[in-house]
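There are two complexes below, and they share chain A, which is joined by chain B in the first and by chain C in the second.
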Partner chain A sequence: MRLFLNGFLFQLRLSRRSPDTFLVCVTAPLLTTVFLSINAYTGRHELTSYAVVAPTLMSLWALALSVAGSALTEDRDLGTLEGQIAAPAPMALTFLGRMCSVVVVGSMAFAETWLVAGALFGRWIALPHPVVSVACLLATALATAGTAGLLSPLFVLTPSARTLQNTLTFPFYLLGGVLVPVSVLPQWLRPASYTVFLSWSADLLRDSLATDPVSRPALRLLAVLALGAAGYGMGMLLLHRVVLRVRRTGTLTRT
Partner chain B sequence: MTAAVHTRGLTRAYAGRKTDRGRDHLALDSFDLRVEEGEVHGLLGPNGAGKTTLCRILSTVLLPTGGTAEVLGHDVRTEADVVRRTVGIVFGGERGLYGRLTPRQNLRFWGALYGLGGKELRRRTDALLERTGLGGRADDRVDTMSRGMKQRVHIARGLITDPPVLILDEPTNGMDPVAAHDFRAMITELRTDGRTVLLTTHDMGEAEALCDRVTLVDRGRVIATETTDSVGALLARHDRIDATDVPPEVVTALRALPGTESVTPLGGDSIRVVTADADTVGEVLRLLVASGVTRVTTAPPGLEEVYLGLIGRQGMRVRP
Partner chain C sequence: MEPLLVIRHSAANAFADMRAVYTWRIWTFGWLGRMLAQVTFFTLLGRGGDEEHLAYLALGNSLMTCALECMSVVASTTWERISGTLPLLAAAPARPVWVFFGRSLQWPISGSGTSIVALLCLAPLFGVSWQPAQIPVVVLLVVLTALTTYCFGLFLAALVLNANGVRNIVSSAAYLVMMIVCGVNVPVSHWPAPVRLLADLLPLTHSLHALRLVGDGAGPGPVLAATGLALLCGALWLAAAGVAFDVFMNRGRRSGGSDHF
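Entry: the complex of A and B
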């Protein structure tokens, strides 16, 4: 727990001095405005929840991608990765703490989008299932942090990390049912969607904003958490192998 | 008695880097070293000699490809976790710190990675900040600090866990003379703590001032390990003789002596003769006195001359 907290506070301190982290606090309201404007123009007011959920999840995912993409590579460039490998603490827990700190910032996007919808467009969205909504946001944040654990060592291994980072944004928003529900995607694509935690999060979050009863919320929350945990597990295994490899090949300081 | 650091036949090959003969580049080649507990030991060698590779292996960041390396009896390969708790590593230069954080925040982060926390971590952080003279700037960002101040943060980071073995990899590299002087005073303090310090450097003065023993390394091999005082004896035959008002024909005669290694002008009519064996010293002196040269001084070689004599006058050339 101490290592987790150490990572959490460390990343929070770094974030305070890195405006990039808070960029989502600007982009989320902007995206909400764009989506709600389209929404208003087409007269599809029943899709308001989509316009609120999408920027929230997009912000979380984009922030996790950005920080996960840079965390290890930056440490490598700064020479601090050497120090971390030379320390007895397992990197996995510190790293999870760091990513959780990032998603806390990303989760603020939900409050922003909700406020934008109400204050600018007069569409104050009710929270008929507040427990499910909050639980879904928390589970999504955890799953995002976990999945970031998979992405980070992947970026270290990939020579063109920036390109990979870019390809993991909009395709994932579509595959994850963030922009449109998975049910409208082609039949052959849907199984792939269900392996992405975002698809479960997006559906559950939208359902929690509707007045109808939410179907099997616990099971769906579990799916979000399980997929996030699987990503984290694979990521830490990958990280372990990456560290072992650079110790063996002596390529740690090479960029 | 267990050595603080003990390597036997330690070898590190880099498969991706080939020598001219197409073999794997050997950064360390059957490297044998023994550093006793409480000793300040210097590793002297030119760039590319293998000093940093050794530091990386001892701090478990790099795996050896052959031989063994132990820290206080623990193998760096099979007991890496124990070794990591035993060794404090200080990498030289700008790398290794989070510039956007303050020294205090850096120390707390690194301390927690070694299992420290709460009051103990705060106490050690405060004590180290004071000890390294960073108390007044403990809450300034590291990237606003001078090279010397950053190096102090490095040292504090290396000491945060109070390790019995401290490895300093070129710690004064790029430091201004004042900062380097302060740093040396700090190392002298560490010696009185009874800590083992392994210091890599290519600064002879630093090694002479700080170390109990030095190991001269080149091309990944140990050339010699001696006490700092007696290492000059290794090249006793390389005695130097400085003489003034030496006639040109005598200079020519000195150069012609079989045991003369070099005759170097020192400016004006002064020259420095470096001999290749002890017998030649007498011959040089006889020749000088016979020629009426009376202003003659002899001196044992400085560590720098020993170093250059043993490794060769290759200056700062980096090994391929």
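Entry: the complex of A and C
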């Protein structure tokens, strides 16, 4: 737990000096305004919850991509990567702590979008199932941190990582049913959607903002967590292999 | 002729950057695919409504892609600070605005390509239709949108040269504000007067209006009027960027040419 906390606090200190971490705090309210202005124009007020859920999940995913793309390269630039690899503390734990601290910022986007919907558009969304909403946000934050753990070594291994980072945004928002439910997507795409944790999070978060009872919340939360854990597990395995290889070949600083 | 020469030489950096980041394959399947997904994403917001609004969203968001890409000029201008070339630029006799105009020309070129593909190949799937004779006008309006929005981006870039840590925040906020106020998703008339005033200052509002007029089969008069307004806005933003870069460099020269101007 101490290692996890150390990683959490270390990344928080780094983030304080990196305005990009707070980019989502600026973009989330603006995206909400885009979505709600369309809803207001078309008169489809019943879709307000979609306009609150989408920027929240988009912010979390954007942060996961951003931190995954920069964490290891930033460590290399700071000269701390070698120390982390040589230290006996398992990097998997400190890394998870770091990812979790970043997604905390992303979770703030939910409060922002909720406020924008109420203050600018007069649509104060009630929380009829607060426990499910909060649990879903927490599970999504954890799954995001876990998925960032998978993306991080992938970005290190991939040439043009920045382009890949950019590419994985809107196609995933579509595939993850962030704004448009998965049921609207073509039949052949749906199985792929269910392997993306965002699709489970989006559906559950939207349901938790509706007045109807939420069906099977525990099972759906478990799906979000399991997909996040699977991503994290695969990522750490990949990271372990990368580290073993660069230690064996002595090419850490050139990776 | 001197500005053109400076722009040409500076653009060599832009194309070198482009070649370093993209291959044709990465641009087509990575960048273009991502942007087409973005257009689809925002267009699907109109699902379940009337088909006219779906086409409205598809057209607006297709043109928006080039405006979005042009906002990258804010980031790529600040790369000059990271490269350490600002003191040299301050010492050079060329006007900095022409250097920076050429420096990021890869964005309006790439952005125009993205928008043209979106308008001609993706938007028709959502009800937008073009006559063959309209296509050259569409292409011209896309290029005009890219270049005039690029001039607006250059002005923002001049403002954030001393605060390059916020470059991504400024460019993202700028393109999202354009998405909100310029008539991309809802008509400009939907907004209160102060917002409409802001929209009128942005070239995208007028070039998008011109494109919608072309799509509606309007005559050349209204299209040319809207195009003229877009050009005027672009020229004013370029002039403002020129002044902002001059002020920035003169301040640097007075303070002894340190890296922080």
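Going forward, the second predicted complex is superposed on the first by the 254 of 255 C-alpha atoms of A that agree within 3 Å, B and C clash if a C-alpha of one lies under 4 Å from a C-alpha of the other, contacts with A are read in each partner's own complex, and residues count from 1 in each chain.
Criterion: a contact is a pair of C-beta atoms (placed from the backbone, for glycine too) under 8 Å apart; a residue touches a chain by one contact, two chains touch by 3 or more.
These numbers come from a predicted model, not from an experiment.
Within the superposed three-chain model, A:T169 lies in touch with chain C and out of touch with chain B [touch as defined at top].
Contacts of A:F10 after superposition on the shared chain: chain B is touched, whereas chain C is not.
Look at A:Q84: by the touch rule set out above, it reaches chain B but stays clear of chain C. Legend: residue contacts after superposition of the two complexes on their common chain; A:S49 is shown touching neither chain B nor chain C. After overlaying the two complexes on the shared chain, residue contacts for A:R248 are found with chain B alone; chain C is out of touch. With the contact threshold set out at the top, residues 18 of chain A are in contact with chain B in one structure and with chain C in the other.
Those residues of chain A that touch chain B in the complex are listed here as 2-3, 6, 10, 13-14, 17-18, 78-80, 82-89, 94, 247-252.
Chain C meets chain A in the complex at residues 21-22, 26, 30-31, 33-35, 37-38, 40-42, 44-49, 53, 57, 165-166, 168-169, 172-173, 176-177, 179-180, 185-187, 190. Residues 12, 14-16, 27, 53, 56, 59-63, 81, 84-85, 87, 89, 91, 93-101, 105, 108-110, 112-115, 117, 141, 157 of chain B are the ones touching chain A in the complex. Interface residues of chain A, counted against chain C in their complex, comprise 18-20, 22-23, 26-27, 30-31, 33-35, 37-38, 40-42, 44, 160, 162-164, 166-167, 169-171, 173-174, 179-180, 184.
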